[in-house]
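Shared between the two complexes below is chain A, which has chain B as its partner in the first and chain C in the second.
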Partner chain A sequence: MIIIGELINGMYKALAKAIMDREIDVIQHLAVEQAQAGAKALDVNVGPYSKDPKEDMKWLVESIQSVTDVSLCLDSTKADVIEEGLKIAKSRAIINSTDADEEKMNTIFRLAKKYKTQVIALTMDKSGVPNTKEKRLELAATIVAKAMDMGVNTEDIYLDPIVLPVNVAQAQGLEVLEAIREFRLLSDPPPNMVVGLSNVSQGTKARSLINRTFLTMAVANGLNAAIIDPLDKDLMDALIAAELIMNKQIYCDSFLDAYRKK
Partner chain B sequence: MGIELVKEKYSGGINTVEIGKAGRGPVKIGGETTLPFLFEEGQMPHPPIAGLEVFDCEPVDWPEPLKKAWGDSLKDPVKWAQRCVSEFGAKILCVRMQSIHPDWGGRPSDEAVATLKAMAQAVKVPLVVLGCGDDDKDNEALPKASQALKGENCLFGIATQDNYKTLTATCLADGHSIIADSPIDINIAKQLNILISDMGFDPKRIAMHPTTASLGYGMEYVYSIMERARLAAFIGDKMLSMPLALFVGQEAWKVKEAKELGEKQGVNWETATSVAMLQAGADLLVVRHPETARLVTKYIDMIMRKR
Partner chain C sequence: MIIIGELINGMYKALAKAIMDREIDVIQHLAVEQAQAGAKALDVNVGPYSKDPKEDMKWLVESIQSVTDVSLCLDSTKADVIEEGLKIAKSRAIINSTDADEEKMNTIFRLAKKYKTQVIALTMDKSGVPNTKEKRLELAATIVAKAMDMGVNTEDIYLDPIVLPVNVAQAQGLEVLEAIREFRLLSDPPPNMVVGLSNVSQGTKARSLINRTFLTMAVANGLNAAIIDPLDKDLMDALIAAELIMNKQIYCDSFLDAYRKK
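Up next is the complex of A and B:
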């Protein structure tokens, strides 16, 4: 499982303040903690409160890279903000994200080629988030075809079926799980499949429980990457156990420790 | 159109364990990034080694073909060890401290360690040192043996899930590597590696003994465990990335097909078991008959000659 740590995101008020006040310790501490907890990449999002997103992105990337060498997942709706991070990224980055819109894909895949990055691609377009697995699959196929066309390898694509909060779109959970199962048939080698997990529990009263339950179900359907809070120990334990059941690692009594030693 | 070979690419690899030091070897085992001898898919930087096994006392229960091969030197452990190296070219020697076993006379550990030391001084090859298999006696004698050979970078055995702490602590203190033993059980093999490394022992100084079984007596179970451990290591399981040590001589010469049908048959049995273990991923083989050592070494030389 490719774990992408979600915590460096200016959407959170405390983080937004840390970015604004250039509290480098807060950012670096979060970066190191997430990496130690098993994150292979860190999401970096300047958030909606940023007054100068490009400058903030640059500062975040520099601050994080000086304490850890895990990959960065540069998260913005604006291509020029992402590019600001790509220019200085030391290890292979992930762009978060494109969708299935033709123009957006042109821009993002071009960036991906230029900076040799991987790309998260949301299965949505201008008409919004689909509400069936069939439509998700159709958009996923559009994305994979476009990527191949533009010379981006399918194994560098992370298809994101877009998880919706269970309290507002309850029927979507199953659609997403079934979409994940079918995405992997789109190409050989198959694309990666990622979810932004925390969205599933947005606004609910039992967030950690809902997150880890959904994650184990998604793993059973073939999910191989997730944007999550790696500091949620119960979530990580559930993930490790799910991978064990899927025969992704060999059992031993200390299998939780063994996984973390990897 | 030619047929293209399907080649596997792995991200992980096997640790390299060094045994011995300048003036005593050293030899390196492990380091593979491919299943055995698939040179198109990865590297085997260090050829597997077949070492000879000697006891620190006369091995009274050994079968006739082995007694015949070694003759009177079986009565003199120092001479026996020297013959292994000078006459038969052993690149590594495995000394088993059998004399301390209660059923073998229970020699005081200090005396046994003195013999071990004399044997070590008589040869200049890296050493594998084994206890007698009785936990109490081993826990008394092996720390003394380890201390007597401090700095020689030996490979000490055997640590088991129920008895690993004493040996791990002493190897840690005296700078030796360790053999972790599991009963044809990959889950226990992995667990024991974790337990040993949790004591602060470098996982890169552990060799695994997945249990040895002779041809005709469950060898294929061991084979499948070894293969599974290797495949897990290649996809990144650090707690199964240890080189594999197999005690073929000890098992092959137990079975009637080897010991009762003449020397040639016995050597063939030990050799066939050894070759199968090499194909399963063995890095270190310990054999008992000098002719087996010669044949297995010849096989290794031949198969390591890359195209």
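Up next is the complex of A and C:
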């Protein structure tokens, strides 16, 4: 499982403040903690309150890279903000994200080739988030075909079926789970499948329970990457146990510790 | 989800003693507690230490039925022990179990017809527990065909792919999960799918975590019945959340309480 830590995101008020006031300790502490908890990449998003997104992205990437060498998942709707991070990224980065829109894919896949990155691709387009598995698959196929056309390897694509909050779009959970199961059949080698997990529990009570339950079910359907809070111990325990059952980690009595020490 | 409470089983030493000494309070307390926690049926097994299995089965069924009217899941390898319970069962019972052996199916399905019960059918035969999804499916198809032949409705069959301990048969977890997904395609109306859950964590550390993780993954694959400990609160929370995500229960902020009050 490729764990992408979600916590460095300016949509959280405390983070927005830390970015604005250049509180480097706050950022670096979160980076180190997430990496130690098992994150193989860290999402980096300046957030909606940023006055100078390019400059903030640059500062975040520099601040994080001076304390950890895990990959960065550069997260913005603006390609020029992402590129600001790509220019100085030391490890191979992940672009978060493109969608299935032709023009957007042209821009993002060009960046991906230029900087040799991986790409998260959302199965949505200008008409919005699909409400069926079939439409998600159709958009995923469009993305995979376009990536191939442009010379981006399918194993460098992370297809994201877009998880919606269970309290407002309850029927979508099963559509997303079934989409994940079928995405892997789209190419050989298969693309990666990723979810932005915490969206599933947005606005609900019992957020951690809903998050870890959905993640466990997604792992059963073949999910191999997730943007999550790796500091949520119960979530990580569930993930490790799910990987154990999927036979991705060998059982030993201390399998929880063994996974964390890897 | 059809929850079958597992706790009245003489393989547990304390229960074996309660049965032998006719400690009716112990049995009745467990029956009521499991029913209140959501069990729709109670497994009843006199266990391996019983000196008079038929008499013990009769006493257990009478003791339980005087405090609750949930269904009983009469659990024995011996047909005559099961029949002792069937003779006095007030609600529609479940027989636990037959396997795919021709002679065994003849005996058990005849009992099922005579007493109008449902039947748990293990996908194993005289050569033992299969180690692939395909062999489980083959045996499941044999069972479903035999049930149809003998006039037992497929919706009264609970196919059990036989969960093995993850610490000794780790690769089997995925085979079982995938088997569950395909069992439901065997007939229309589909058979039920059940697991004896706690076997998955037999001999491991972190039993409750492994149990609830496996159950969550099985629900994602279509499992609709399980023999479990309904008094394990974390397990029940996971199950309720999994049902929520599968859109089997409508979301409300108090969905955990709402499920329990049903």
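Operating definition for what follows: the second predicted complex is superposed on the first by the 262 of 262 C-alpha atoms of A that agree within 3 Å, B and C clash if a C-alpha of one lies under 4 Å from a C-alpha of the other, contacts with A are read in each partner's own complex, and residues count from 1 in each chain.
We take it that a contact is a pair of C-beta atoms (placed from the backbone, for glycine too) under 8 Å apart; a residue touches a chain by one contact, two chains touch by 3 or more.
From a predicted model like this one, the values you see are computed outputs, not experimental measurements.
Peer 1: Of the two partner chains, chain B (first) and chain C (second), which one does A:253 touch, if any: first, second, both, or neither?
Peer 2: A:253 contacts both chain B and chain C.
Peer 1: Of the two partner chains, chain B (first) and chain C (second), which one does A:144 touch, if any: first, second, both, or neither?
Peer 2: neither
Peer 1: With both complexes superposed on chain A, which partner does A:261 reach: first (chain B), second (chain C), both or neither?
Peer 2: In the superposed model, A:261 contacts chain B only, not chain C.
Peer 1: Check the residue A:228 against both partner chains and state whether it touches chain B (first), chain C (second), both, or neither.
Peer 2: Neither: A:228 stays clear of chain B and chain C.
Peer 1: More residues of chain A are touched by which chain, chain B or chain C?
Peer 2: Counting contacted residues of chain A, the larger count belongs to C.
Peer 1: Does chain B (first) or chain C (second) touch A:42, or do both, or does neither?
Peer 2: neither
Peer 1: Starting from the residues of chain A touching chain B, keep only those that also touch chain C in the other complex, and list them.
Peer 2: 250-251, 253-254
Peer 1: Which residues of chain B touch chain A in the complex?
Peer 2: Residue list for chain B touching chain A: 186-191, 194-195, 197-198, 228-229, 232, 236-240.
Peer 1: Name, in rising order, each residue of chain A that touches chain B in their complex.
Peer 2: Per the stated touch rule, the residues are 249-254, 257-258, 261-262.
Peer 1: Please output the residues of chain C touching chain A within their complex, sorted ascending.
Peer 2: It is residues 166-167, 170-171, 173-174, 177, 200, 204-206, 209-210, 213-214, 216-221, 237-238, 241-242, 244-247, 250-251, 253-256 of chain C that touch chain A.
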